[in-house]
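In the part that follows, the structures are each spelled out as structure tokens.
Each of the two complexes below includes chain A, the first together with chain B, the second together with chain C.
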Partner chain A sequence: MMTKVELETFVEGTTNYFATAANQPASVGSPYIVQEGRPTVQEFTGLISIAGKRRGIVYFTASRPMLTVMLMRMGETELTQENMCDLVGEVANTISGNARRDFGKDFMISVPTVVAGEPEKIVTPDNTRSFVIPINWRSHSAQLVVCLE
Partner chain B sequence: MAANAKAEPLTNGKLKLMICDDSNIIRRKIERELKIDRLQVIATAANGKLAVEAFRKEPADVVTMDITMPEMDGIECVENLVKIKPDVLILIISALSDKATAIEALKKGANGFLCKPFTDRQLTEALEELLRGAGNDD
Partner chain C sequence: MGILDLGRYKGIVWAITGFLVAFIAILALNHGIAGLFADDVAGVKFLSQMRTQPAEIQANARTITERLQAGEKVDDAIEALRSSATAYDHAFIGLAGGMVSDNSGATIGVSALNDAEAKAMLADGEKVWKEYKAKLDPILRFSGSPYAAEAPAPAAPAPTGKNAAAAPAAEKPAGVQLSPRGRRLQTALVELNTFAAASQAQLSQISTKLAGQVEESSKGNAALLRGVQIGGLLAALALLGALFFYFARNLRKEEMVSSRARKETADILRTVNEGLFLLDKDLKLGSERSMALNTIFRKEDFMNLTFDSLLKDIVPEKTLKTAMDYVALLWGERVNEKLVKTINPLNEVEVHFDNPAGGFDTHYLEFDFNRVKSDGSLSHLLVTVNDVTKRVMLSRELQESQEKAQAQLDLLLRILHVEPDSLTGFLTDADVSLKMVNSILKEPAREETAFRAKIDGIYRQVHAVKGEAAALGLKTVEQRAHAFEESLSDLKGRPTLSGSDFLPLVVKLDDLFNHLAQVREMLGRLVDLHHAIAARRTSGGGQVEAAKVDQWLAGKHDQTMQMKALPTQQPQQEAEAAVGLERTLEDLAARVASSHSKQVSLKCTGLTEVPESYKRAVKDITIQLVRNAVVHGIETPDQRVKAQKSETGFLGVEFTQRGEEGFELVVQDDGRGLQLDRIKEVAVERGLITPAQAALLDPRQTMALIFRPGFSTADRVTTDAGRGAGMDLVRILVAELGGRVGLASAGGRFSKFKIWLPSPSRAVAA
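Moving on, here comes the complex of A and B:
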């Protein structure tokens, strides 16, 4: 089970990502537990597997319109499917990597796996609660999902 | 293997820069936002293995290096590049923000560390500091 302090690490990482990389702060809400069913999956999802000291997954999921605007804000001119996949992977990788500041070196992160559509491919570990961190940015919404044993 | 390979300077006197990151948008961002006239991008690579191959063909003077990459990670790549060209300047640009990782990269031969996410200004400052540290500050 994750602690409030541990979740705050991911909230701070998400806040910092949008303010720094996307050149516009996001409104990052309080994490909540998924009570029933699966956590939200949008059109593009970047997923990081966590091993070592903790095990589980962290994923960032967002819509095409949001990723399009993010790429534009980052100065990217090629608004392609490939770059949207790249972006969701990079967001998940950056926030997970930044978490090592608090979790330490043994919080081992994988290279990103990207899923476009096909939410059934996102599998969270059994018997582990998923926390959703809601992200509102401009008129768009996205989610960071943290599921760690 | 071309141990201690010597880089041929560019005819315009600029230093050769190689960008290594598995993210296309990060590679393009670094290339696009590069504000240092003395640096010229000669190669980009999507993982450590490709970076070593490109570096053997044409050693760069300066390298920006991600750590978490497929095929060969940035730490192993740094070791390889330093064996080929010991005086190469390497700036790690990574999301891995724990001190142990930064220290390990520096021990393997990297010269600086910039944490992702980064602003254009932070990138420029980190590269300028890297060049200053090596006495390439004009």
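Moving on, here comes the complex of A and C:
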């Protein structure tokens, strides 16, 4: 069963990124569960896979407008698809780093992969509920999705 | 291995030894023949010199003659003659013994001189030389002066030498007076010269012939030498050829053996299902390994790979460290291998391969290590790897199913006491409630007020689930819902709220969903069981079991266990007498009463008449009110006796239709009634009203306080009461249906909740 500490670790990893890299903290929205069907996938998704004591995926998914504003806040002038992919990849990387630090050596965490669009590429483990945690930043809302067996 | 125990090298050692012996023998033969050849050459040279010696003697004799004629001194000339004669004589003596002298004066035997022909020639020569020596003798014996005493002093000596022209002995210059001895000398010289002239050619010829014979012999030796050399060369070549043949044959044989062995090894390594490889001291993988390794590790290239790098990407760091420590342990010389094997941490190691489609593929590998010794010391570790994923998964599934079966058995024992219809109803309602909770959570929220607004809504849903679970005696569900409520209480008490604070709620919600799914699964199995038994019954047999299940499904679960045999005909109607909600309420009342050491008798009427669309609400309301009545209203038996009441409290639930307008639900008890002072006190304590407001409240207003959220007179929070959500839930449910709540109470005598609900059609219209 998913524990509170595990969820907090992933959330913390995400909010840390906003606080440090995006120069403006994000707030955590009201979390909920997706029981059946696919959890939300927006235009850009940074994903890490987890194995070991727990198995599954964790991803951060955000919309193009949100990433555009983030890039601008970060002083990036080239608002290209590539930079947006890099950005969600970096968020996923921060989540992964946080998880590595907190979960210790019992876990294996993959390098982040980035999916632009194509929600069918994001495969959650069967018969596992996903936790969706909205990450609100300015007027935008991204999602952190945790789906672990 | 002994020095003569040459093993597989025996052949080659013998062949090389043979070759060397033959080579030495040929060398020795060659050397011997070459020696003979040298002797012959020396012999030829000696004989060539000898051929000129008679001429030299003759020349010396002539010199003496000339000197005599010239009246010169002859001593030195005689000496020269003696010397040459002696040398020639020695040569003859040597030749007679088959010996010659070389340049250095050493004597050398010449075999060619020993044959009969040579001997005969030598004998002829000796004979001539003997006569020659007789002629020489008077001359060589001469000493002193050959001249008469009055003779003048000798003039300067004429040139001497063997090439000097010989003058006739008879002629002498006038004035030279020879003494008588001188004259005899002269005569002897004349005789000698005559003989020498006659015999010189013969002697020279003998020397020449002998030299020719020796030369012939030398040629023979040279031919022999060549023969030996050629023979030796051929023999050496033959031996070499034999050696090559031997080697080639052996090499070919060995090559065939090793190639067959290599092929067999390759076949084994290609076919074997285990991953096999060797690890050296630096923990590097050996070059030979089984093909299965490619499949197991999903890679082709293992060149220069270390054990560490083989595992690094597929196991967590902790496992990797353990593995490396263990392998290092195996390299220790003084290690009990069997003992160490028992602590193999890689016995069943979980590995994760990157899946190209994203994520990991998890497998389980079994590593076995065997220490390979060579010449008594540890040289390698043989590592055997097996993919035991299926085995592990099966055993885990088995273990999980055993654990699950145990948990389900516990659950089964609990739900066997619950009426199936009630349980199905509960599961449906609870699922709706939890989904509602999730919907509330899903509502976007950024501001604190939005978060806070969620709490009450969630509370009501969870409380309803908890209430019903408690009513059904589903302790495990009740406990989970209670824990959920506690989290909610905690949130409510916080000064600020954010989404992070709600994380524990989703975790608990997930847990509740999971648990209810288990209960549902269990129920499903029981129903399946019923169908299975029913099917058997139609084909005869299994009557008792079928009846038991029927009993349980009909709600007569308590009797099910005691049922020994099937009575003649069980009236179906009787089984249906105690219907869902009534049964639930009875159980709830009994259970809550028991946990509060109270006695209660519940009487329900009209609950079967509840319209379908109200069933859920009526259930939730009656559960809350019945529980409240038992917890707060009914007194303990002692208190009741003191108050001159029966020990058993009475609790009535009545549902009736009130004309076409609607329905009335009455829940009343004969307990202590509402304690208005206590209500005011608690309301002030909980901050719902101020003391001043409390003083102004009339009884009706005071009673209304119990419907306020968060109101409870219970001293502590239990699963039955204390959080003050129950009456709030009742109020909200009634309000949602467009109904009204009425409350009447008399201290120490009774409490009565009267709820009016509009008819469903009106409620929809409203």
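Following the convention adopted for this analysis, the second predicted complex is superposed on the first by the 148 of 149 C-alpha atoms of A that agree within 3 Å, B and C clash if a C-alpha of one lies under 4 Å from a C-alpha of the other, contacts with A are read in each partner's own complex, and residues count from 1 in each chain.
Simple rule for what comes next: contacts are C-beta pairs under 8 Å (C-beta built on N, C-alpha and C of every residue); 3 or more make two chains touch, one makes a residue touch a chain.
What you are looking at is a predicted structure, and each value in this text was computed from that prediction instead of being measured.
Student: Put chain B and chain C onto chain A via the superposition and say whether they clash or fit.
Tutor: fit
Student: Name the contact category of A:Glu82: first (chain B only), second (chain C only), both, or neither.
Tutor: After superposing on A, A:Glu82 lies in contact with chain B but is clear of chain C.
Student: Counting only touches as set out at the top, which of chain B and chain C does A:Arg101 meet: first, second, both, neither?
Tutor: In the superposition, A:Arg101 touches chain B alone.
Student: Which of the two partners, first being chain B and second being chain C, lies in contact with A:Thr40: first, second, both, or neither?
Tutor: It touches nothing on chain B or chain C.
Student: How many degrees, to the nearest 10, separate the directions from chain A's C-alpha centre towards those of chain B and chain C?
Tutor: Angle at the centre of chain A: 60 degrees.
Student: For A:Thr68 in the superposed arrangement: first (chain B), second (chain C), both or neither?
Tutor: After superposing on A, A:Thr68 lies clear of both chain B and chain C.
Student: Is A:Ile57 contacted by the first partner chain B, the second partner chain C, both or neither?
Tutor: Second partner only.
Student: Of chain B and chain C, which one touches more of chain A's residues?
Tutor: C
Student: With the two structures placed on a shared chain A, what shortest C-alpha distance in Å links chain B and chain C?
Tutor: Nearest C-alpha pair, chain B versus chain C: 8 Å apart.
Student: With the touch criterion stated at the top, can you tell me which chain A residues are shared between the chain B interface and the chain C interface?
Tutor: Common interface on chain A, chain B vs chain C: 104-105, 107, 110.
Student: Which residues of chain A touch chain C in their complex?
Tutor: Chain A reaches chain C through residues 1-4, 7-8, 11, 27-33, 35, 47, 49-52, 55, 57, 104-108, 110, 113, 121-123, 129, 131, 133-134, 136, 141.
Student: Would you mind writing out the residues of chain A in touch with chain B in their complex?
Tutor: The contact residues of chain A facing chain B are 16-17, 20-21, 71, 74-76, 78, 82-83, 86-87, 89-90, 93-98, 100-101, 103-105, 107, 109-111.
Student: Would you pull the chain B residues touching chain A in the complex into a rising list?
Tutor: 22-26, 28-29, 32-33, 68-70, 94-98, 100-101, 115-119
Student: In the complex of these two chains, what residues of chain C are touching chain A?
Tutor: Going through chain C, the ones touching chain A are 315-319, 321, 350, 352, 354-355, 357-360, 362, 438, 441-446, 450-451, 454, 498-500, 502-507, 509-511, 513-514.
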